[in-house]
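Consider the two complexes below, in which chain A is the common component and chain B and chain C are the respective partners.
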Partner chain A sequence: MLTEQIVNGIVMGSLYALIAQGYTLVFGVLDKLNFAHGEIFMFGGYVAVASVAMGASIPLALLLALLACGALGLAVELVSFRKFRSHDAHITAALSSFAFGLVLLDLVQKAWGTEPVAIELPHALRIASVEFLGVRFSVVKLAILVVALVLMFALHLAIARTRLGRSIRAVAESATSAALYGINVTRVIQIVFLLASAMAGVAGAALAIRTGFAANEVGFTLGLKALAIMAIGGMGDLRGAFLGGLLIGVFEALAFQWGFGQIADTGVWLFMIFVLLVRPTGLFAARASKEARA
Partner chain B sequence: MAEPSFLDVQDLHVSYGPIKAVRGVSLQVAEGEAVAIVGANGAGKSTLLRALCNLLPRASGKVMFAGRSTAGVPTHLLAGREGMLLVPEDRAVLRSLTVLENLRLSHDTRPAGRSFAAANEEVFAHFPRLRTRAGQAAGNLSGGEQQMLTLARALVSPPRILLLDEPSLGLSPRLVREVYAILRDFRARGMTILLVEQNVRTALRFAHRAYVLRQGTIVQHGSGEALLADDGLFRQYLGVH
Partner chain C sequence: MSALLEIRALHKQFRGLTALDDVSFDVAQGELLGLIGPNGAGKSVLINVVSGVYAASAGTVWLRGTDVTSLPTYQLARRGIARTYQNIRLFARMSVLENVLVADQRYSARPFRTLFAGGRREDCAAAEVLLERVGLAAKRDALAGTLAYGEARRLEIARALAGRPRLLFLDEPAAGMNELESEELAAVIRSFRAELDVIVLIEHDVALIRELSDRLVVMDSGKVIAVGKPAEVLADPRVIEAYLGAEEADG
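After this line comes the complex of A and B, so read on.
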């Protein structure tokens, strides 16, 4: 029972991490928060619902959520960030992206209503499980965990090893220097929004598949929690977002297990306030925060 | 001058709001030439170089590079496609990337028709110190090493023009000599160089030709040797003796 709860926590935590890494990627290159990110994550769930309803397989539904939300990320960048690149436009970009998210939420509510929409999974898939060391694990949950971990590992490799990753790190450090190195800064920022939003879309779809429905309040609830997780892990730090996500996921699962689930949400926010007070760079970010970026 | 210059600046004006930092500068650099712009602190030297790279908008004027207008060409294309490499005052190496990654990025955006490994061999032969530092973050290098790294970038992917903003700034006399020895080598290979300096004598000794900039305007120009011999120049415009 305890093992199962911890596994649940890790699965949920990997989704938090997936969303939080998106916040942190954008923050890394722009020093700005994308407040539409939570709603893009939410939208991923509806893409999954709609795809499955039209007969798509689960992997295809995840792929469609990835593509649709990636495209939304490009749109947010264009309308809410492109014009507000300067350092004194933090508030403008924040407001604009926040409004973008609210419009998206409203459109989803118009299209699907305000109640959760069930996703029709084959019964056999829903109950499929494997036994490992005497404990049963749901195949769906494990698959979600694997997808999340693979995506985050791929991102890590891309940032650390590839030309794109070097360019992203260069822009994160200084857009001017990056341009003088011949890097197309606008293109790099677009790609960052594309990656961040695509990951959020997969997280949203995975959540809908795991819970069996898409709900429109998850942008506010879980999306904002992922923002807290980013702050707890260290803003702009991918590893911090990863570890922070797992930490909070497991913390919540254990809170439910031990009967104080009611305060789990508040606990996360209190924890963020506490971390920001005692260690503003976040729990896991390396000391020299610029270096740890991306 | 019969044929148009490689870099041809005509009546360039650049302002920061109400402050007119560059006021009607015209200058030419021929291919393979080393040209210096000397002037006191605040004369507008950095502003001029930044405007040439389109890091600053120009109020008016015309800049032709290799026969084409640079108006509206974004900085990254000037740096990559057009081969205009600016090394700004603060060096602007990418501090969070390793030395090797800094070189690699230069190779990425402007590969010089050879492998990165081959380019690196040449770099490390010139800058043995960078070889031992290859895996370290560039931010951990000393000021002199960072300047070497910026020059190494010019070896990895040779620019069509190298713009240097005060390459001697903040360096010890020994390092200044080292930097200029490397620049002399670049010059001998036929690299086109435009550098600005407060370190007037060093720059004039290095350059084929030089312009004197004062309060945003060119007040004199001539061969490096001629300007060097002009005592009046130093007293009048440069405030040095």
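After this line comes the complex of A and C, so read on.
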């Protein structure tokens, strides 16, 4: 039972990490928070529901969520961030992206209603499981874990090893200098929003597939929790978001296991306040975060 | 024949303060132009306008007969304009090699190469040759933020040259250097001359500028006050007065 709960925690944690990495990627490059991110994640679940309802396979549903949410990321960059590039515009961009998220939420409620919408998964798939070291694991959960880990590893490689990654890091350090060396800063920022939102979309679709339904409050509940996880891990730090996501996922699972389920949600926020007080750069940040340097 | 770079009636205003006032001069193919003048004369502002960091309030910059005044910064870079900063602005959290690699945007127009050609051998080799030439080959994997001052200055130059520019603007590259370091720097600048169409050098070190420049442009209070051969210009009473006046004001 304990192993199963820990695995559940890791699966959930990998989804938190996937969302948190999107927040932190945008923050690292722009020094701004994208408050539409949680709702874009939420929308990924509805894309999965709609795709499966129209006969799409699970992998195709994940791909469609990735594409649709990536496109939303480009849209939010265009309307809520493009004009507010300067450092004085933090609040403007935050408010505008927050409004963008609320509009998206409202549209989803208009289209699908406010109640959760079930996703029609084949029964065989839902109950499929494999045994490993004497413990049964659901195939769906393991597949979600693998997808999340592969995406995050691919992102890590892209940032650390590719030309694009170097350009992203250059813009993160200084957009002006990056432009002086021929980097199209606007294009790089678009790509950052595309990647961050596509990952959130996959996380949303994966959550819907795992729980069996898409719910419109997850943008507020889980989306905001991922924001806390980003702060816990260190703002702008991809590794911190990854470790923070897993940590919180396992913490919550164990809290449920031991009968402290009610405190799990508040626990994350208390933990964030605590971490920010004693270690404002985040738990795992190797370097001082931008916030702490300012 | 027209000049490679023509600056025509350039104005730059910052909230009522005139930083550039009707600045015009040409730079010819192959020329190393020294740009001098007291602090606040507008030299750095001029570089910032030509490299696209600031927008000009009025006037035109012609590059090979094309008006490039309002092009975005990255497009100016891709057209061969590179510059260094007076105060060093390296990508401190990237390695020395990466600082050079990131500035090589020759494949920018090809998205798939941009994404997948991470550290392709020939790009790294080109970057390493540059590092060798500025004497930083041994530091290739160090974080740029950990370099000593003189090293950081030379890395700035290597990074500026990574995109194979045709025009290089050096903003006080010898600032804060000791005599030995600035001699090394002069050797580095000389070694790159043949590969560039134009070098514009802002410098306070009169010995260095006299030694390197083909021609001098002298600025004061946002205006060009003299243009000509170094020996003539430095003997010009107006130039001497501008410098002396500035020193009196400073003192």
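Annotations for the structure displayed:
The rule is simple: the second predicted complex is superposed on the first by the 287 of 294 C-alpha atoms of A that agree within 3 Å, B and C clash if a C-alpha of one lies under 4 Å from a C-alpha of the other, contacts with A are read in each partner's own complex, and residues count from 1 in each chain.
Here is the rule we use: a contact is a pair of C-beta atoms (placed from the backbone, for glycine too) under 8 Å apart; a residue touches a chain by one contact, two chains touch by 3 or more.
Please read all numbers here as calculations on a predicted model, not as lab measurements.
Annotation for the three-chain superposition on chain A: chain B and chain C clash. Applying the stated contact rule after C-alpha superposition, one finds that A:A75 touches neither chain B nor chain C. In the superposition on chain A, A:R163 contacts both chain B and chain C.
Once the two complexes are laid over each other on the shared chain, residue contacts for A:A94 go to neither chain B nor chain C. In the superposition on chain A, contact of A:I6 is made with neither chain B nor chain C. Of the two partner chains placed by superposition, A:L125 touches none, neither chain B nor chain C. By the touch criterion stated above, A:L180 is placed in contact with chain B and with chain C alike. When the two complexes are superposed on chain A, the residues of chain A that touch both chain B and chain C are 163, 166-167, 169-170, 173-174, 176-185.
Chain contact summary for the complex, chain C toward chain A: residues 51-53, 72-74, 77-78, 82-83, 85, 89, 91-94, 98, 101-103, 105, 107-108, 113-119, 159-160, 162-163. Residue ranges on chain B touching chain A, taken from their complex, read 53, 55, 74-77, 79-81, 85-86, 88, 92-97, 101, 104-106, 108-110, 137, 139. Chain contact summary for the complex, chain A toward chain C: residues 158, 161-167, 169-170, 173-174, 176-185, 287.
Of all residues in chain A, only 163, 166-167, 169-170, 172-174, 176-185, 290-291, 293 touch chain B in the complex they form.
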